[in-house]
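Next up: some structures, all given as structure tokens.
Look for chain A in each of the two complexes below; its partner is chain B in the first and chain C in the second.
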Partner chain A sequence: MTAVTTTGAAAFLGRYEGLRARLPGARLPWVQALRDQAAEAFRRVGFPTRRMEAWKYTDLTRAVSNSSFGEPLTGVGDTVEVRPSAHPRAVFVDGRFRADLSTLDGVAFTAESLADALPGLEGRLGALARPENEPMAALNGMLFEDGLVVDVPQGVAGGALELLSIATESERAPAFHPRHLVRLGEGASLTLIESATGPLGARYLHNPVFEIEVAAGARLNHGRLQQEGFDGVFLSTVYARVASDAAYDNFTLNAGAKLARNEIHVALVGPKAEAHMNGVQMVADGQHADTTTSLDHAAPDCSSRQTYKTVLAGRSRGVFQGKIHVHQVAQRTDGYQMNQALLLSPEAEIDSKPQLEIYADDVKCSHGATVGELDAEQMFFLRSRGIPETQAKAILVEAFLTEAVEGVADEAIRAALARGVAGWWRRQGLPAGIEVA
Partner chain B sequence: MPAVTETLETVQSVTDSGYKWGFETDIEMEFAPKGLNEDIVRFISKKKNEPEWLLEWRLKAFAMWQKMEEPTWAAVKYPPIDYQDAYYYAAPKQKVAPKSLDEVDPELLRTYEKLGIPLKEQAILAGVEGAGETPADSGRMPVAVDAVFDSVSVATTFKARLEKEGIIFCSISEAVQNHPDLVREYLGSVVPQGDNFFAALNSAVFTDGSFVYIPKGVRCPMELSTYFRINAKSTGQFERTLIIADAGSYVSYLEGCTAPMRDENQLHAAVVELVALDDATIKYSTVQNWYPGDAEGRGGIYNFVTKRGACRGARSKISWTQVETGSAITWKYPSCILQGDDSVGEFYSVAITNNYQQADTGTKMFHIGKNTRSTIVSKGISAGRGQNTYRGLVRIGPKAHGARNFTQCDSLLIGDQCGAHTVPYIENRCMTAKVEHEATTSRIAEDQLFYCRQRGLNEEEAVGMIVNGFAREVLKELPMEFAVEAQKLLQISLEGSVG
Partner chain C sequence: MLKIENLHATVDGKPILNGVTLEIPSGEVHAIMGPNGSGKSTLSYVLAGREGYEVTEGSVTLNGVDLLAMEPEERAVAGVFLAFQAPVELPGVGNANFLRTALNAIRRARGEAEMDAMQFLKLARARMKVLNMPEEMLKRPVNVGFSGGEKKRNEMLQLALLAPKFAVLDETDSGLDIDALKLVADTVNSLRGPEFSALVITHYQRLLNHIVPDRVHVLSAGRVVRSGGPELAKELEASGYAGLQAAA
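Moving on, here comes the complex of A and B:
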């Protein structure tokens, strides 16, 4: 097999032309139609540029648009080892499902490879993704090969499920675009712990798209630990649709990758639906991290809570964009959003754009944003009690992050998160093992 | 002058993109054939007997404008076909004026009545043919100012007083003739010709506006207002204002009128430039109450204004206060470039949209110098089918150590057909800077209304009182005589939005 390298949007389009007949679902007309639509959207717009309002602060030029990526090889990663887990787990290597590494026996719901499940997904795949709005979702729609399909039947308490994505070392700089579908039936529940990692020094593009449907009265806890390798690029788009009396709880740790974007679109479509979206971005020297959320209040009596915290060290850049859109029918909406950034370095930059768009009058909506450095008085207080500077810093940063973390209800997610944060600290040369919440 | 360069670079960095759409349109000028071209620009310049450098300056602006596209990023909608109409209205020439008050929109007259404006004044404000032609009425003195400063002669007296202090306060055309060096040094130094589509258009064809220069160490003894200036009337839709406060000086400038003015110019593309040198303070207050169109959203002014101040000196301060109740569409972002160390920028705004009005307004604060501080307080009120957007930018540069910003944006919704939007941008590149932003959106609480109603106020009065309370933080920044009028105005603007 010869290596195929590509640069820019045209190269990806070229690759699609070449692979079109061989991609999963090539013989299913509806899959082909979806791919073609996505390709058309991607052809029109190409990679996002900073001239697009939604990408004003995140520049893909160097890391993605002008870089070349190859296809992931099949059969790599046989040597990949995964640490044992207490939970059932689905493992993906370079975007492809690995049954041999996964442990899905005995779960009370269905979890299978998208490539296998494809024939039965008509009307479901692509129901929420909007390739015409989001160029990265278009790229995914054009080239997706695999993903995880989860179905939790009505009334079933699904427990916890891990979704582990591992990138391998490869000179081909693979680009992979998994599409994950998660559906919870009425009154069902699930804790999904998603984790993305890759080796240091490996260049790759991980471009996952999630389509999540939470039916009436169901509850999904979605924990996301983004700890990609520092030369990796992570651009993810989550679409979630939440029905009446249902809840979607998303917590994201955005800590790895050279360039990472965590884009979440949640639509509350039934009365009394709830969304909790929390996140921590920990950005170190040479990194760029972006969290972009949009929350659609499309039904009355819904509530949403968002708390995002960004800590920046070294020469780094953090971005937060968050939009709350309240439709005219969404009376008695309760929407709250807070984003805060802490700068630990004079070379760090933070850009923040909270946004309210409100068309209903009986609402309570607010957002807040703060940006600053560590409080000098608080530092002095700790130092004067004999706590060394690095330790004092760590304590104050921990306190800063607590608010976003304490909203995470699920124990399993909190434990995974604490490990992720500790890892970040170690890399900063600060005292390891700091416990968050 | 490096300070100027810095202002321009700052401006350049924010105006690089985002303007889309080109259009061609004819502008009917009173004194020139249809269409806007270089000849028209030359014509205006010649008519105003301008020096060669200013003509070149205008032509450069025109060349830039031709290459630009009109901005579409603001959350305002206006059909292109109406826009073409607006351009025809934009001619400085008066279209058919109403022959008598009977022909004027009765809603407008009712508003005048509420404000207690005598019939004669009403006729002038409504632009009734021949109404302002008696000598005593020239200068279009609106009643708000009239009530305080009795007549034109008073204004003249004030002018003498200002001259004694060395203050220059005249039309910009006069300033070009009499103080060319000052104009040349500062014109376009805060809002360059190519700043944006409307500013470029203004730079090419501006016909008049105000010029103020406050000498070193002088505290201007009175509030300056365009209405003191006899020749201020009919400055047209392309107004250009330039205010320079030299080191250690202070000036408070009022712009606007509390009575709704019926204006035949549908497009207003004004430019206001402020320059504050060391220790100088400029306070700029606006009450904007142009014709908002009727209850069905027909007609009304398109108010596309570029206002920007440069705090060039250390410890200088520029404070913008605006009460925006008029215009069909408002597109306006009074900004501060905080270059001088310890300089201060302020923005206090109340914007009301009722019926079909749309407002996209806010501010930009550029923190460049050390310990620069800015405060933003914005109160948006939407009623009827109005759409109200706060759009603001706080940018902290890498050298703005110890910079500080506080922003508070509140929106109030009255009725379920209107919209309130908040779009702040925060960009921080300095570790020691501190930025805080808060925004809330809600409607008038039932218990507040109940409380007022229970004490015998009718619903409209109750809403008026609550809205005034909501906007109090901003209204208290207005000079006294304006504040009283502005309160009344808020109430009138919201009529018909309840019950």
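Moving on, here comes the complex of A and C:
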């Protein structure tokens, strides 16, 4: 066993030892066993380091591994304000479900707090997460306290549901590790709009893990707006399992946090399953944003589409890693992956690593990557038509992002995304780009 | 009046313009002809303010105002327009949105009222009808998938909408059939008036049959080597530039 070398990891392990008997599900042997396994995995490896292939470009040393985080306080955040929404909504404050802020009445499916639902989740919780492979999932498995459990029964069109995570101002620099479980029965559908925010200047660690099961013929649109405060750390891991004729459509806006990782593992396990994974990373001075996807084609006749775009300003860093694994059984796989980066500053840096492993012989798989700067000719053209330089820049950046955004099927997600992009824009002090005629 | 005096410019340190002097009074349209490499396109880019084209000597003024001190967008606000020889494609930018953004940027900078979407569409549709452009060209991304003729007509649409005081047409006629050529000429002719002037850069006499210039200048090795009336274009068409270069 390797000794844990970082103070941060030691602190989390120490906290687990102290809280073990008091965490939700402490009296349920299967929960305790899951937590102990996760703790064991975390003790063995600690926080990911750059020596690990999957973390080669994202260094947690300063922001996480050698930092100290505290417990989220209970009972604070009573003054949290949430903007009104047209959709039913589950609200989490510092990782804990807040029934008083949530509006879940009248939905055609079940949506409840994981802490409450825990006794009924044996065999489901932990079915997809792999603490032995992913250290952040191990940390989550050890210390999760709450989360959202969504069940859309067979054949039910669930409409849209918002999942809001709000971090509050706190001197304790809280760490929270929500575990969210989403399950769609056969032929069911749901649009899940997830949003993570926090105040400027607040230091915290948000480490959510999603376990998502999409049964045969079902469709989940999963829009994710990561707009954490700029001193926050967001390390998220999504596991999704998609059955035959089912579709999982993930769109992630990675725009906030000092350090953010959007890690997605999708397994297509039934014939004709589909995965769409699109995203936009908008990275400003001092930020680091990482999107890491891993796609398992484990059944024949499945298709996957990935388009990721990263815009980098100031002294910032972006990462895209995309792995597609086509199993021998996955004949007639149709896979496509594109990642493109636009560097707005000479001090910005992007690392991009596509990785294809193909073991079937009848497949169509393509991938591409581009890195570029703003096109001087396009800039001159726009300016020669009277458009000021900063606005011309904004127009070209918007145009660059358009392809990824247009790939989003769901109207509500597209609208939320447009708001997210506009917000980033304002924070950069950039004017609006194009006027819509 | 556009006044160019002793203009010298370099690209990548290489001298391209070597003392161009030219006056285009308001209300007049002048043509510039000349062999390849004589500096015609460089002159158009220098007038519009493109980066990388360095003016080392001389001056350019529009109605007495120094153009060379201005950014490209400020020149547009001052009334300068360049029709590109190779119109630029903007994937992901809708044509209508682009046109309205440009029009309003200029109006805003001039302290004029901005146009709302309705007013703009009405104006754009009217101009497009004259240019024989189908309305769906408003919805497509700027110049993406446009034929050569469609791109040039789109440049003319911008010219008509932005209604500049001084326009440079950089070989707008290249690659156009006679119908498209006439539409280009119609657009320029419709703008002609006491407040408007233009510089038409072309290789061929053909365009000048439809836009009859007040003066024709011949550019060679970065200098105006000869000027004359519209008949000069016809003479060049017959005899070529060889003799002129020898004389220069």
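FYI, the second predicted complex is superposed on the first by the 424 of 437 C-alpha atoms of A that agree within 3 Å, B and C clash if a C-alpha of one lies under 4 Å from a C-alpha of the other, contacts with A are read in each partner's own complex, and residues count from 1 in each chain.
The rule is simple: contacts are C-beta pairs under 8 Å (C-beta built on N, C-alpha and C of every residue); 3 or more make two chains touch, one makes a residue touch a chain.
Not measured: the values here are computed from a predicted model.
When the two complexes are overlaid on chain A, chain B and chain C sit side by side with no clash.
By the touch criterion defined above, A:398 lies against chain C but remains apart from chain B after alignment on the C-alpha atoms of chain A.
By the document's definition of touching, neither partner reaches A:415: not chain B, not chain C. In the superposition on chain A, A:378 contacts chain C only, with no contact to chain B.
By the document's definition of touching, of the two partners only chain B reaches A:363; chain C does not.
The larger set of touched chain A residues comes from B, when the choice is between chain B and chain C. Applying the stated contact rule after C-alpha superposition, one finds that A:386 touches chain C and leaves chain B untouched.
The gap separating chain B from chain C at its narrowest, counted between C-alpha atoms of the superposed chains, is 14 angstrom.
No residue of chain A is contacted both by chain B in one complex and by chain C in the other. Contacts from chain A toward chain C in the complex involve residues 376-378, 380-389, 391-392, 395-396, 398-403, 433-437.
Residue ranges of chain C in contact with chain A, taken from their complex: 48-52, 71-73, 75-77, 81-82, 84, 88, 90-94, 96-106, 109, 117, 120-121, 124, 138, 158, 162.
Residues 17-18, 73, 398, 411, 413-443 of chain B are the ones touching chain A in the complex.
Every residue of chain A that touches chain B in the complex is listed here, in rising order: 51, 53, 57, 328, 331, 341, 343-346, 348-373.
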